[in-house]
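Some structures are shown below for you to check.
Both of the next two complexes hold chain A, though its partner changes from chain B to chain C.
Coming up: the complex of A and B.
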């Protein structure tokens, strides 16, 4: 199979990740529960993983790295735990449902007033317009770093400069950018960074988390076992325990730890450069084919490794089905959990076929995908 | 005419469960992405594609097993009419 659905999850992982999970499953106890060898190995593994995440994302406090099952859980904790009722919040048309649905919930249940920075027909944001939405009662801006549909990168540092002196919380969804695009929370002015472990970070599914700037208070979404302060009625107040009720996915985090070693050794810039080269090569190939329409703006080379397209008036699901059945190429059709972005691009009815590239894809695979699109367009 | 029948679902769990039932009953079908044109707001991204000659059998099987599904829709194929494989 030629796997080009890496924006959903990376299928090919470094062998060290697989080995680390297998090792953990034969040696790991429960982190923060006791002091025997197995428990300590789990605690040590998770402790080291926090430090690597903090290093990768420029988070000053490793103990402010909280692990979750995925970025959706992290975003729910952040959005529901840090945004006050009846406040004003700004988000964008580029967002995934992992941002939109928790915000819609706050709007319906907590009286939060929601404004959207609009994307144009190419899926680009006007950050001047976004700044114009800021009001005296604006409490948060929740924004993706990279569109999961077009690969558009949002200038988070510029938004960080808008929020810093106004006391506005900046919560960033780095689901698509983590691992392929440099992120520095301090330099970019990010208060809460939410990430997933199984996409660009090349770790196992069921891993993810959030990095929280010092001084940011988040009310816990869950309460329960923590292994510490057991006689207290409520969840411990200290991070990361405050937001980590229940046993963590230690086996998965051991894999994520190995994946982070791989990324830190290889370099985010190196990984990003290769992925972008593949996406650009694919774009140059398919954009020449008659009947193919590519979405997004490709003038800016600083973009994610994602290309969304349609072939003639064909339903995107049927094109993706042909790619899978006839060419053994895995892509993602439909709506991609990004309803507002599809509205902006005008692709609600047709959907789009998304090709997303990873560190382990090759130019040869990309060429085969171009050829498959060409044949479908000729059919 | 290249009419295809798609069984649509509220989620993947329903779809995979019905696929097991149809295979058990000897009704050829295959998993395919649910076309946008018939997906609507309620169904998920997967569907079961069933040949026209088997669709009535599939309906009976659904009824007999009280299987959960969203709806059955027909749609003309757009790309290479004769490419379908159902198993």
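Coming up: the complex of A and C.
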């Protein structure tokens, strides 16, 4: 199979990740539950993973790295736990449902007023327009770093400069950019960075989390076992325990730890450069095929390794199905959990076939995908 | 242009039901396979089961007997 659905999850993981999970499943106890060898191995492994995440994202304190099942859970904790009722919040048309749905919930249940920075027909944001939406009662901007549909990158550092002196919380969804695009929370002015472990970070599914700037208060979504302060009635107030009730996915986090070693050794910029090269090569191939429409802006080379397209008037689901059945190429069709972006691009009815590239893809695979699209368009 | 053919397409409101139907149809030798949901039936995302047009009665009866919920069961022209 030629796997080009890496924006959904990376299927090809470094062997060290697989080995680390297997090792963890034969040696790890429950982190923070006792001091026997197995429990301590789990505690140490998870703490090391926090340190590596903090290093990767420029988070000052490893104890402010909180682990969750995925970025959706992290975004729910952040959005529901840090945004006050009846406040004003700004978000964008680029967002995934993991941002939109928690915000719509706050709007319906907590009287939060929501404004959207609009995307144009190429899926680009106008950050001047976004700044114009800021009001005296604006409490948060929740924004993706990279569109999962077009690979458009948002200039988070510029938004960080808008929020910094205004006391506005900046919460960033790095689901698509983590691992392929440099992120530095301090330099970019990010207050809460939500990430997933199984996409560009190349770790196991069921891992993810958030990095929290010191001083940012988040009310816990869950309360429960913590392994510390057992006689307290409520969840301990210190991060990360404050947001980590229940047993963590220690086995998965051991795999994520190995994946982070791989990324830190290889270099995020090196990984991103190769993935972007593949996406650009693919774009150059398919954009010349008659009947193929590619979405997004490719003038800016600083973009994610994603190319979304349609072939003639064919249903994107059917094109993706033909790619899978006839060519053994894995892509994602339809709506990509980003409804407002589909509206902006004009693809609500047809959806789009998304090709997304990873560190482990090759130029040869990319050429085969171009040829497959050519045949579908000509047939 | 590519050829198309009419199939019976069964849609579900959640992936769990599609997976249950796939297992059921495999056990009962109902021909077909899982496909991405065609836009004629739903703008969005999700899974559907594609089978031959003459399988409607058997498929419907099997789903009812197994208590598996489906959303739509419609003829749809699809690329082949």
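The working rule: the second predicted complex is superposed on the first by the 379 of 379 C-alpha atoms of A that agree within 3 Å, B and C clash if a C-alpha of one lies under 4 Å from a C-alpha of the other, contacts with A are read in each partner's own complex, and residues count from 1 in each chain.
To be clear about the criterion, contacts are C-beta pairs under 8 Å (C-beta built on N, C-alpha and C of every residue); 3 or more make two chains touch, one makes a residue touch a chain.
Treat the numbers as computed from the prediction; the structure is a model and nothing was measured.
Look at A:360: by the touch rule set out above, it reaches neither chain B nor chain C.
After overlaying the two complexes on the shared chain, residue contacts for A:321 are found with chain B and with chain C alike. Touch criterion not met for A:47: it reaches neither chain B nor chain C. In the superposition on chain A, A:298 makes contact with neither chain B nor chain C.
In the three-chain superposition model, chain A touches both chain B and chain C at residues 314-322, 333-335, 349-351, 376, 379.
Chain C contributes residues 1-2, 35-40, 43-46, 78-79 to its touches with chain A in the complex. Only residues 313-322, 325-326, 333-335, 349-351, 376, 379 of chain A touch chain B when the two sit together in their complex.
Listed in rising order, the residues of chain A touching chain C in the complex are 312, 314-322, 333-337, 348-351, 376, 379. Across the complex, chain B meets chain A through its residues 32-37, 39, 45, 77-80, 83, 85.
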